[in-house]
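Following are the structures in question.
In what comes next, chain A is part of two complexes: it sits with chain B in the first one and with chain C in the second one.
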Partner chain A sequence: MEATGPGARRSTPLILSAPAALLFASLILTPLLLTALLSFNEFEHATGRTHGFTVGHYLAVLTDEYYLEIFLRTFRVAALATAICVIVGVPEAYILSRMRNPWRSVFLLVVLAPLLVSVVVRAFGWSMLLGPEGPINAALVALGIGRVRMLYTEWTVIVALVHVMLPFMIIPVWTSLQKLDPAVEQAALSFGASRATAIVRVVAPQILPGILSGSLIVFGLSASAFAIPGLLGGRRLKMVATVVYDQYLSDLNWPMGATVAVLLLAANLVVMLTYHRVVEGHYRRRLG
Partner chain B sequence: MSFLELRDITKRYGTLNAVSDVTLSVEKGEFVSLLGPSGCGKTTTLQMIAGFVDVTAGSIRLDGRDITHAKANSRGLGIVFQSYALFPHMTVYDNVSFGLEMQRVPKSDRKDRVEEALGLVHLSAYAGRYPRELSGGQRQRVALARAIVIRPPVLLLDEPLSNLDAKLREAMQFELRDIQRKVGTTTVMVTHDQAEAFSISDRVVVMEAGRITQIDEPYRIYEHPETEFISRFVGKTNMLPGTVQTVNGGYASVSLAGVPVEVEAPGVALGETLTLCIRPEKLRLAGAGQGRLPGRVSVRYFLGSQWLYHIDGPLGTLMAVTPNDGSAPLDVDMPVGIDWSPSVVRVHRGVMAEAPDPALEAE
Partner chain C sequence: MTRNGPVALFFHTLVVLFMLAPLVIVCLVAFTPENTLSLPTRGLSLRWFEAVFHHPDFVQSFWNSLWLALLSATLAVALAVPASLAITRWEFPGRGFLNGLFLSPLIIPHLVLGVAMLRLFALVGATGSFGWLVAAHIVIVTPYVMRLLIAAITGFDRSVEHAAYSLGASEATVFRRVTLPMILPGVTGGWLIAFINSFDELTMSIFITSPSTVTLPVRMYMYATESIDPMMAAVSAIIIGITVVAVLLLDRVYGLDRILVGQK
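Coming up: the complex of A and B.
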């Protein structure tokens, strides 16, 4: 009995959290640390050996417009994908929360469907659909508009990212909608608000925490996405994750790859923490 | 022509009639309560008045205007929800101001009216707080201020006090009535709590299984319940089955387990079975050997201002309530005599089954 009381041994919480901490340390922190260390190593192009200490890779990346452009493109694509996910996903979650079974279960499955298909299969599906000989271009030709190059453009990458990221937006928003008292919306209506006003002034502010977490997940995953930009962006439209891959496997310049990876992580953290602070700080007192 | 008129309104869900043929007239400034156990259709009726539930048949008129199918946001009614339904992301001030904003009241008037409403519910000092920083009673009052600030023709209260603890509930009952008197708003309240309905309503509407069974002043409903359901739902009652022995004009002598009792019962026949209902507080406990029936105290409960006794006797167990006047109570196992005045006996024709206390089921 004593172990469960207030007089329980001090070490109990430590022992209980040890397995998770150990797993976390060995599988996440260690590789991260090794990557960070690697990024400070010098690299000999002739021999491929890595040794010593240098900040040269960081200087090279931060001063090179080539890398700057790739970083900017990556964050632009991630931001646009996030914005579209909010615009599409939030109303979708609202409609889903208003549906009754069995339709709700059916449409929830439709929403989750992209996650059930392998990313490679999904990406090749998109390239077949959007390719020069694909059904969309065939239709455009038949309509007399002519072929449009869709593959290997930023927008294709964005559309494909939105497709797979939507569930990560819809689920948190849906969860916060479930917690909403339906009488609150009725109250807004009873005071003469139109349905649109009720949604904008009363429902939306309350599901903001859900939109916030959805945005963070979508942005983080999109900014570090590898397979979709790699397969649908082609060789020319590079994103940060594909550059890391190239550095490691084509140039065999592991320290350079590690540098880019560390910078991506840092930039991602900065963007996400700033966003979190700005949006959530605003609402913490109200919604608790 | 009444201010608010419900005429034969009915709500059907598939084959289930949630509300059947409810007809009710509410006068301007009146405080009317819909009272009944859960599932009796009282909340559905309120939601039809509010416009949140479609009316299947019948009509609702407000101040001469047909609002049966008007949209909820065009009716302009003030509603206090059971959960209060405050806007959690807005301050108390903004919550109260919301309805005025929707009515496009100019900003300067808005400020005065919000402050006036907050003053009425004694929350002027809390205007800048968020709902989650308030206690249950304070939230309740914000909900009330938010509903009355728009000066609605009708105020609808959906179990407004059911989320408060007992002491606060009693205090809020009187405050609610007080505010309603000051503002003079016609009010319809839904409740399952008879004490709440009785203490503050002008008239009480008792509902059972989707229908209205009695509309009357609280005192009359308590003293003259029209059905057995009401006499059991409203307060406690002793039910004594008996047979008519002799009939003499409007009076009859009824035999209760061999004890003859004179009651006023016009139109009954010889040999007919009747049920006599006597409220526990109308039984008088006298010394052993006196009164109409002998009995023995089996249990006693101390209720503060009253004593509740269970008395075993020839008619089974009877409940009796006596005021706690400061003298020593009766002891368990003490023999007593049970007496009552003939005028307090209510007669129902037929046999009533002793059903479980519906007030308990309503919780």
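Coming up: the complex of A and C.
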């Protein structure tokens, strides 16, 4: 008797993946293509009809001060949130990796589990913490500093973004720390390297790919974040995602919204691919 | 030598406080007896929880979200199991493309997916339909399921399957009696993580829900932009409670660190 088993027929993998492939083709590829096309349609403000072909929306977005400011702000906020995530997340991952169980598992859970709580809840929590009647303002008043308006400022958005994104930084750094042989750090220390030298010269280079991929994820997610700027940025502090939302659901100018969305997607993909290159190049140099 | 020093532990304490502070304050304020967002200094009250259960919009949105998450997680697993088997076990033309396509929702911003699906649904006349909303959620949660399944199937000893075949079992029997039980932790872990992600999803859903299909996160977002009262805190506390239960379940069946971090 011969063992048949899977692999006997060439069509099997295609049949197995066909249902998911069909769904993804119709709900990802088709709508993205339709949206790209929509961004080249003209928009009639009076009737709301979309038709024809124009590159006017792209020209408007790329030359209008209003949109430039929003793109710049989004970029700045995402970059700052990423930088803070590196500064806080990398040492925290390192500290976590040096803990012993059960503390290690407990604190890993504490630090990572907020990831699974709805982002609306976390944004709401921050709006209460930083609000005019919140505990932080109460503490400032008690200290004699007086109330500080924190809501609806860029820094509030950044702080809340860091809160949401920190797990995405800790996870890849933690993963690369797990692959690291602690004996190598020990060796450096026993050859007389200081703690700082051991970290900078031995640990840091090995976890760099983890830091890079964490930064990539954090930057991409921050740049397209919607709930945090929507709830904590208020009406004046617009970011790319909230502008797309306004164009679609208040102004009903879908072609303009589509244009901003396409640019956001393009910028995201460019950042991802560049970073990927950098990380790959880093590995190749090290191996070669 | 590998002990954390006092500075490190102080830093760690600050990070933990930072991560927990917004969640803790939400849970505290939910029990306030006052009409404003304030810490409960004069006793605890359940009045805002009661208000939530008597608010028809929130109740309806909760059921919408629950059904949506149950359906999309289940269907995502049903699609992801055969697709992951195909991708990990066979070399076929288009395999790399399919793999990229299945994981693409992880790198395409949900905002972009939301507006793209809104356009498609408007063109086919399906705006606000619950069925299409489920389909959209299947697409965004499937990658999470597939990541766990691909890991489960890759680290799988196939000699057991071969033994079953050589003893005369059919392909269906081998799948049901051997393959499925062996990848079951991946399947249940994937289902739970899909459920949580669907239940929490805001940014895509806000574009493609209609007044009758509004999900809980969308309802909360709308509510929070208009009025702020402790009811919002009570809803948030309920969500945190549900999430904690889900996290504990997830930890039991699969190991939370394995899901979030990858390998143990």
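Keep in mind that, in the parts below, the second predicted complex is superposed on the first by the 254 of 288 C-alpha atoms of A that agree within 3 Å, B and C clash if a C-alpha of one lies under 4 Å from a C-alpha of the other, contacts with A are read in each partner's own complex, and residues count from 1 in each chain.
Note that in this section a residue touches a chain if its C-beta (ideal position, glycine included) is under 8 Å from a C-beta of that chain, and two chains touch if they have at least 3 such contacts.
This is a predicted model, so every value here is computed, not measured.
Asker: Applying the touch criterion given at the start, work out whether A:Y245 contacts chain B, chain C, both or neither, answering first, second, both or neither.
Answerer: A:Y245: touches chain C, not chain B.
Asker: Between chain B and chain C, point out the one touching more chain A residues.
Answerer: Counted on chain A, the partner with more touching residues turns out to be C.
Asker: Check whether A:S224 is in contact with chain B, with chain C, with both or with neither, and answer first, second, both or neither.
Answerer: Touch status of A:S224: second partner only.
Asker: Regarding the shared-chain residue A:W155, is it in contact with chain B (first), chain C (second), both, or neither?
Answerer: neither
Asker: Given the touch rule stated above, what does A:F191 touch, chain B (first), chain C (second), both, or neither?
Answerer: After superposing on A, A:F191 lies in contact with chain B but is clear of chain C.
Asker: Touch test for A:F107: chain B only (first), chain C only (second), both, or neither?
Answerer: Only chain C is touched by A:F107; chain B is not.
Asker: With the two complexes superposed on chain A, say which partner A:Y66 touches: chain B (first), chain C (second), both, or neither.
Answerer: After superposition on chain A, A:Y66 lies in contact with neither partner.
Asker: Per the contact definition in the header, classify A:G257: touching chain B only (first), chain C only (second), both, or neither.
Answerer: A:G257 sits against chain C, while chain B stays out of touch.
Asker: Considering only the touch criterion stated at the top, classify A:V202 as touching first (chain B), second (chain C), both, or neither.
Answerer: After superposition on chain A, A:V202 lies in contact with chain B alone.
Asker: What is the shared patch of chain A, the residues that chain B and chain C both contact?
Answerer: 186, 189
Asker: Okay, in this complex, where on chain A does chain B touch?
Answerer: 181, 183-184, 186-195, 197, 201-202, 205-206, 283, 285-288
Asker: Name, in rising order, each residue of chain A that touches chain C in their complex.
Answerer: On the chain A side, the touching residues are 1, 3-7, 10, 12-14, 16-17, 19-21, 23-25, 27-32, 34-35, 38, 88, 91-92, 95-96, 98-99, 105, 107-129, 131, 133-135, 160, 163, 166-167, 171, 174-175, 178, 182, 186, 189, 220-221, 223-224, 226-227, 230-231, 241, 244-245, 248-249, 254, 257-258, 261-262, 264-265, 268-269, 272.
Asker: In the complex, go through chain C and note every residue touching chain A.
Answerer: Residues in contact with chain A: 1-4, 8-9, 11-12, 15-16, 18-23, 25-26, 29, 36-39, 79-80, 82-83, 85-87, 89-90, 92, 95, 98, 101-102, 104-105, 107-113, 115-120, 123, 135-136, 138-139, 142, 161-162, 165-166, 168, 171, 174, 196, 199-200, 202-203, 206-207, 216-217, 220-221, 224-225, 228, 232-233, 236, 239-240, 243-244, 246-247, 251, 256-257, 260-263.
Asker: Would you pull the chain B residues touching chain A in the complex into a rising list?
Answerer: 50-52, 72-79, 81-83, 85-90, 98-99, 102-103, 130, 132, 146, 150
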